[in-house]
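By letter and in written order, the chains are A, B and C; residue numbering begins at 1 in each of them.
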Amino acid sequence: MQGWIREWAESTAGCLWSPLCSHFQSLHGLLKEMDNPVFTCYIFYSTLLVLKLYTLAIITGQLRLHKKAFVNPEDALRHGGLEYHRNDPDVERSRRAHRNARENIFPFLFLGAIYSLMEPNLFIAHVHFLVFFVARVVHSVAYLFAFRAPTRSLAYIIAQVPCVSIAVQILSHIAIGW
Amino acid sequence: MQGWIREWAESTAGCLWSPLCSHFQSLHGLLKEMDNPVFTCYIFYSTLLVLKLYTLAIITGQLRLHKKAFVNPEDALRHGGLEYHRNDPDVERSRRAHRNARENIFPFLFLGAIYSLMEPNLFIAHVHFLVFFVARVVHSVAYLFAFRAPTRSLAYIIAQVPCVSIAVQILSHIAIGW
Amino acid sequence: MQGWIREWAESTAGCLWSPLCSHFQSLHGLLKEMDNPVFTCYIFYSTLLVLKLYTLAIITGQLRLHKKAFVNPEDALRHGGLEYHRNDPDVERSRRAHRNARENIFPFLFLGAIYSLMEPNLFIAHVHFLVFFVARVVHSVAYLFAFRAPTRSLAYIIAQVPCVSIAVQILSHIAIGW
């Protein structure tokens, strides 16, 4: 990148945002001096789960191309004709796996962050995050490959246990304060 | 749990994450010394709303079992046969209620967190969160029990008011800084 | 609002939440003294994207009214009769645009927040956020107006680049620490 572009952008951005800088700031300095391995642990598993979401989206897209089953007529036209504007059971299965993953991973992103701020025991927190992570991976694999019931449902329930546990801990944390 | 497992896990985790500890930290120490009832208020209602999401997922699952309407052939096979691989209007209704809840609660988790950092008046913030919470609960109940229109739509619109209000406040906060 | 209501609410809320105040706090004081234009930048684009989500929901609702295609019988009854309890390709298209927006914007809300805490270069971070923002707006427009393929898919892929880049940066940040 040319120097002047960067310079211009930085000065623009600097003046654009600087007043709010007084309101929102880099927590970095603070973060440096303190110590929250639980938060790092949470970020690690959450980022992997977000990448898993992206992978499920890619799988759905590739299945659409491979099975020639497009949800939009304009895509079908580009890939052979309007007869490919159709449904396919494998594409639908992949979409359901993706949807179920979103339903469960997005609330975890919230719960895990709040939980990390509550200074839980590192080991217990790690177990919560790991159980959720492993169970969600098993759930996606079981969904995509149509494992015999109730594998998928079991993985679903196991993944919910740490989530509900975290939610209850947050609420008791608040209730104890009353 | 046996002592050595816990010990091993804590030492592993400690060394695994410790370098990042310098980057991400327990905000706990800081949190302790400061005072943000708005943030607590946000966490309280958000956690309840996440539990409401989980409840809607459970209702959908129980309806599937009760009405014998499974979206996956492997589930239908386990519960009586492939003829139960079918749709059911009540299951679909419950799924729509769940989806609508996700559409509106996930953005709130973001907006409410940022809003809490903006040091709003506690009473006004509390009203925002409470209106959103009550309207979303009414929305879910109105959806599940198919209340006469426009009850559900009204609850939807009322729940959007605090969300849009928060979004506008965030943007003006930034704009004022310019 | 009458003075006593406000007074009562503030005192109630104050005593309700105050113990947790010791755990969760206004980061405001800290934020004031520090400087994170990246976080402000993230909040700015994220809030606009959340408003875009709300706009897509409104478009879907208005299309339902305009095309008289309701997903719930109670809505159809209110707007002319049960024959309007039906699907419509334009409504479905708008719903898909909305769903795709949610699939991609919610993970960004997480990734962008963590990235902002990592003290990235402001210019590079701004480019990440801006590319995501512009590509997602293009994606929604291309979806709603059924632009010729592969416009929409290209916008989708371009929007994923900064997201995956951020995810990889977060993971390397953690890995480097090991």
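Just so we're on the same page, contacts are C-beta pairs under 8 Å (C-beta built on N, C-alpha and C of every residue); 3 or more make two chains touch, one makes a residue touch a chain.
This one's a predicted model, so the numbers in the text were calculated from it and none came from an experiment.
A rotation of 120 degrees, rounded to the nearest 5, superposes the Cα atoms of chain A on chain C.
Shared numbers divided by all numbers used gives the overlap of an interface; between chain A and chain B this overlap falls below half, so the copies present different residues. Once the centre of each chain is set as its mean CA position, chain A and chain B turn out to be 14 Å apart. Counting only residues that touch two or more partner chains, chain A has 16-18, 20, 22-24, 27-28, 30-31, 40, 43-44, 102, 106, 117-118, 174, 177.
By the touch criterion given at the top, residues 6, 9-10, 13-14, 16-18, 20-31, 40, 43-44, 46-48, 50-51, 53-54, 57, 71-75, 77-79, 98, 102, 106, 109, 117-118, 173-174, 176-178 of chain A touch chain C in their complex.
Of all residues in chain B, those touching chain C in their complex are 16-20, 22-24, 27-28, 30-41, 43-44, 93, 96, 102-103, 106-107, 110-111, 114, 116-119, 122-123, 126-127, 146-150, 152-153, 160, 163-164, 167, 170-171, 174, 177.
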